[in-house]
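Presented below are the structures under discussion, each in the form of structure tokens.
There are two complexes below, and they share subunit A, which is joined by subunit B in the first and by subunit C in the second.
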Partner chain A sequence: MADIRDAVIIGANRIPFARAHGAYAKASNQDMLTSTLNGLVARYGLQGAQLGAVAGGAVMKHSKNFNLVRESVLGTPIASNTPAYDVQMACATGMEAIGSLANKIKLGQIDSAIGGGVDSISDAPIVVTDALRGIIMEANRAKTTGQRLKALAKIRPGHLAPQAPGVNEPRTGLSMGEHMAITADQWGISREEQDELALASHKNLAKAYDDGFFDDLVTPFKGVDRDNNMRADSTMEKLGKLSPAFGKDLGDQATMTAANSTALTDGASAVLLGSEEWADERDLPKLANFIDYEEGAVDFVDGAEGLLMAPTYAAARMLKRNNLSFEDFEYFEIHEAFASTVLAQMKAWESAEFCREKLGLDKPLGTIDRSRLNVNGSSLAAGHPFAATGGRIVATLSKLLHGKPGKLGFISVCAAGGQGITAIIEGR
Partner chain B sequence: MTRTIDLPNLSSLYRRAALGALKSKLSSNGSLRGLTVEPVVARHPGISEQQVEDYRRLFAGEAFDGAHRGALPSVLIHIAAFPVQMGLMSSKDFPLPLLGMVHLANTVEHHQPVMPNTSLQILVKAQNFRAHRKGTQVDITVDVYPQGVDVDSADQSELLWSGVSTYLGIGTFVAGKPEGEQSRRGQGGFTPPRKTAQWNLGAGAGRDYAAVSGDYNPIHVSNLAAKALGQRGMIAHGMYSAARMLEGREPESAGHRWSIEFEAPVALPGTVNFAVEDISDGTQRFTGWNARKNRRHFTGELILP
Partner chain C sequence: MATDTYTEFVNSGLGRKITKSLGLPQPAKLRRYRPEAPLIEGPVVVVGASEVADNIAARLLTWDLDVRRHIGPKEKVAAVVAVFDTAATPADLSRNVLELGGMLKQLKPSGRVITVFRDPESTDDPTARAARKGAEGMTRSLAHEMRAGATANGIVLHEQLDATAPGVAGALRYLLSGRSAFVSGQFVSVNSVNGQLPHDWAAPLQDQVAVVTGAARGIGASIAKVLRRDGAQVILVDVPAAGEALAAAANEVEGTALQLDITRDDAAERILDHAQQHYGRLDIVVHNAGITRDKLLANMDAPRWDSVIAVNIESQLRMNRTLLGSELFSRVENGVGPRIVSLASTSGIAGNRGQTNYAASKSAVMGMVSAGSAQLEARHGTINAVAPGFIETEMTAKMPLGTREVARRLNSLSQGGLPVDVAETVAFLASPSAAGTSGLTLRVCGQNLVGA
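Right after this comes the complex of A and B.
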């Protein structure tokens, strides 16, 4: 086997993220992903290029999109002999796609790759009830017209109601927001600190746009040129007026509002990776190296751990393996599923008890310097089209670290099902 | 003496009960002394794989594939025995009217694993009639034995499953009226535990459980009938809550005990907040409640062997 080599993050592209049922209401996942890939192709001259692999996915996916990424690639000028496949790990889909592609590059299995993701709330897969599907399938299996009619005669009006995709955790019946409200309450996360984090996200993202930071990371789509969930003019006073949206049964202890929780959005992202040689041959930029990533999962079903706390465990293992501590990082990107998710993870890493009892560490992982956290905004402002978030974060962090060789960036992305991913990126 | 009966048909029992509800079953003012109901035993052909599959789908639970898991969940054995309970409670010598009877509590000792398609003997007794401020309470004990055992002389070691269902016959004071007993359901100052799950029950939850259990008690499947029986509308089966609370927690090798005590009924459609707490090693406590009204629906406990 070849020696481990660097997996280089060359560049990225995404379309602006748009609030659900708005600007992208009529765009499909395939439309958005294809457009995103086209933007990446145009930016890095990938027309006709045969890549090692393209991987990505969507959390909310129509069954007809069984080969979503391959079909999207076929709609671009990327050479059609480029293999492509779908990945799905809920909100960590994009991170899993990018991380596993980076590993393949490191091992020398492939020289180039695109990883990313897409999600649409506006074009979510609506399906028929289990009962109706059972009847239709029975009719389909019938050998005679009589049998078929007999099966179809079982259809009742109640069977005809369309079924939207479930938004609740299947094993608890609780929405992600309700789960997070429990964790936020356990960690004593205040309304004020959540609103402060949300406000910082909007301010930071708006400033980054104004500074032109996203000029070579974002391509307009359907007339949208900036994430349209962003509220540059938001204030603590405005945020403070909102009523709680989650954890309402906590009464006056409820802290989570629509503003300090991520809005439902549509969008897509893609990141171009390659070996050093591949980038050099094509005279492409080398923003950063993808150093390592770690998946985590927790037992959340009976409340032993918070649904979105898996990254705290993944981080501990990943840092130990790389012999690093938080002090070694220049920037931190912690996905803002909810403001309280970021705050709870940080409190956990600061807690001697949590780090000892749960993470098995001698001392706490430590405090994350707020001035290094989500410095160009995160999901609260940009929005969070589930599978597209990993690509957005990797792109932002890689560009932040570009020109700072050896400086490290930390990523944490939580996901449904009590899972999560953490990653390390190094500037170059 | 134990009377052997055929496995009763639940729907015909409910029809008879509806007619019987019009007349009081009490011929005299009744007294606790000498109140005896002849125990009954019935043979059950075994719980079918189809019923197991229907149960599994209803609770989206573990696959009972017969290879990695074959033993039946405890509530499915209750379901198998329920017609015999109902048969006894419909018998002429049972003093309380069947319809409108309120299920107060259930305790179960699940001694040994029970597999599908295994014929069973179900022995049911009515015991411990006692006064309640709203009527008369009674314990219906259910002992489930394998085929070939003489239930009248059977040894405890031959018992597969035993349960006690406590019911309240409202308005029938067979055992007199208790003095000075306060309402058990006052629930003053109920502080809910931290929820771990939420059950979102649709209007059809009662009908869905009825389709699996055969228990088409009108109070669970029809708003009109439920109103006639003194509820505001349909309520969930108590054993539906028990089944959900136990789902995925029962050991394959059995030997566990569990109990559930019902308080405010679960109105359908409705949302139940649910919490599981580890009390000690091998003991879990469950609570179901209505967050909006701050009323407890049930508390339960599971003790592993």
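Right after this comes the complex of A and C.
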């Protein structure tokens, strides 16, 4: 096997994220991912190129989309002999796809890749009840017409109600917001600091758009040219007027509103990766290197840890492995599932007790400088089409670090099921 | 794009009969350029006895054309090249003009008349200039008389220029071919010996890198397609909001998409960076991006006036300054340097009610181009403009039916042009074979009656 080599982040593309049941209501995951790939191909002149692999996925996926990424690739000018496969790790799907592709490039298994993800709330799969499904399968197995009719005769009106995909954690029955409300309360995260973080996200994202930062990161889709969840004119007063949306049983202590929680959104993203040689052969830019990533998981079911706290553990292991501390990083991208998620993770890393007891460190990981955090906005403003968020973050961070050789960027993305991913990117 | 139902009708059997008997316009199906098709099919007659005429005939022979100096009364004629370079006084035009006239009834559909004469402006002798202007006026009127998709255009030779100059060959080929399908009554001036003829006429832009602004749709997308077909690698630029269409256009021509607002101060730098990164060179810049914000001047407001001026001309002036100051856009290869082609408009020539802002910007483009040629000459490059007339686009499809129908018939070819017609002329002016032509505004308007 070859020596470990650099996995270079060449560029990226995404479509603007759109609030669910709005602009992209009639677009499927495949439509969105195909358009995103088409934009990426156009930006980097990849027409007809045979790539090492394309990987990505969707959290909310129809069973007919068993080969979502492969089918999407076949709808683009990328050479059809490019292998493609689906990956799924809840909200960390995009990060997992990109991270694992980077590893393959580092090992010399492939020279080029596209990683990303897509999600649509508006085109979510609706399924029939388990009871009806059981009857239909039984009828399908029947050998005689009589047996078939007998099976079908069991159908009752109640079986016919369609079932939307669950968004609650299957093992606790609680929504992600309710889980987060518990964690936020445990860490004493105030309403005000959550609203401040949400406001900063909108302001930062709007400014980045105005500066043309996203000109080569985003391609419009269906007439939308900026993330339409973004509210550039938001104020603390406006945010302060909203009623709590989660943790209402906390009464006066409830802090989480619709504005400091991410809105349900539709969208897709893709990141182009390659070896140094591949990028040079094709005269492509080299924004940054994908250095490392770490998956984490916590026991949230019995309440031992917060549902979205897995990245705190992953970060500790990843930093130790790379012999780095927070002071070594130029920028931090912490996915804003909820404002309180970001704040709780940061409080945990500042806490000597947490870092000692839970992470097994002799001193806290330290404070993250807010002026380096989500500087061009994050999910609260942009929205969070689950599997597409990783690609958005890697793209933004890579561009921020481009032209700053050696400077490091830190990524944290939490995910359902008590999981999460952290990653390190180095500018070049 | 608008469908020209009338032209379809006229070109059907029954339609021809009806429209002819009613004396209605007879728009023909124009012969358009296809790389695999012959340059022109049938005899090409060179009229005139001079060294220039001989050199032109010799050039045409190298293209395996059926070149004649005379032709029988029964034979069909594909094209006539009438050479007037020795005309010293208007009376000298007579012989060649009458010989040309005698052949017009034998001219095939989509045939060509090309007159060749010396540049009137390059002599101060009243008699000589009168003769040359006479040839020009005759050509322009003849263009109005052409039928069945045939056109008449001129090649204007600078005083001392030999007809063996590459620019003359380039212009001849362009005017004979289907590239000039919607060009009539126009003049291609050849001012210098600059120019390089391609090894393969089917790929005159081989190895060249071109940027096209406003390339997401319409004429811009068509320009990108034609440049690609001619062998160039194309960078397609449009505003970020047009990105989806831009990506589709870029993928179609295997180019690269650059989302960019050209009114940004750093627009040219971004283009140069992109070209440097992806191609390592930049040979051709096509300033196609433009907007209209129509309003009578009495009702004009600052946003309408200023945005049109900013997008249509100020951006070009600013980008040209940066581009021409760069290393990348200064490459001289085989004696040919950078080429700029700008989109003007017949509105800028004739004026148009409700378009004071647009016409100002498009006239300004022509001013920039005519003054810019000196600047480009120092770099062995060229700067030219193309002024489209009525072109069938998404924009003209939105005109009221009556207005559109009148507008598209008001020219010598009785039909609107297609985006590809504009694109072919842009590609010609961008080609190394046209490097002898600079400072020109070439109209692609079917000899629109407005603003002749």
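Here are a few things to note about the model shown:
Methods note: the second predicted complex is superposed on the first by the 428 of 428 C-alpha atoms of A that agree within 3 Å, B and C clash if a C-alpha of one lies under 4 Å from a C-alpha of the other, contacts with A are read in each partner's own complex, and residues count from 1 in each chain.
As a working rule, a contact is a pair of C-beta atoms (placed from the backbone, for glycine too) under 8 Å apart; a residue touches a chain by one contact, two chains touch by 3 or more.
Computed from a prediction, not measured in an experiment: that's the story for all the values here.
Placing subunit B and subunit C on a common subunit A by superposition gives a fit, with no clash between them.
Once chain A of one complex is fitted onto chain A of the other, the partner contacts of A:Pro364 are absent, as it touches neither subunit B nor subunit C. Once chain A of one complex is fitted onto chain A of the other, the partner contacts of A:Gly173 are limited to subunit B, with no touch recorded for subunit C. Once chain A of one complex is fitted onto chain A of the other, the partner contacts of A:Gly134 are absent, as it touches neither subunit B nor subunit C. Which of subunit B and subunit C touches more residues of subunit A: that partner is C. In the superposition on chain A, A:Pro125 makes contact with neither subunit B nor subunit C. An angle of 150 degrees, to the nearest 10, separates subunit B from subunit C at the C-alpha centre of subunit A in the overlay. Contacts of A:Gly22 after superposition on the shared chain: neither subunit B nor subunit C is touched. When the shared chain is aligned, subunit B comes close enough to touch A:Gly303, but subunit C does not. Once chain A of one complex is fitted onto chain A of the other, the partner contacts of A:Ile182 are limited to subunit B, with no touch recorded for subunit C. Of the two partner chains, neither subunit B nor subunit C is touched by A:Gly75. Between subunit B and subunit C, the shortest distance over C-alpha atoms in the superposed arrangement works out to 44 Å. Judged by the document's definition of touching, no subunit A residue lies at the interface with subunit B and also at the interface with subunit C. Considering their complex, residues 236, 240-244, 246-248, 250-251, 254-261, 264, 277-280 of subunit C touch subunit A. Taken together, the subunit B residues at the contact with subunit A in this complex read 60, 192, 194-200, 204, 273, 275-276, 291-292.
Subunit A contributes residues 158, 168, 170-174, 178, 182, 185-186, 249, 301-303 to its touches with subunit B in the complex.
Residues 35, 38-39, 41-45, 47-48, 76-77, 212, 214-216, 218-222, 225, 283-285 of subunit A are the ones that touch subunit C when the two sit in their complex.
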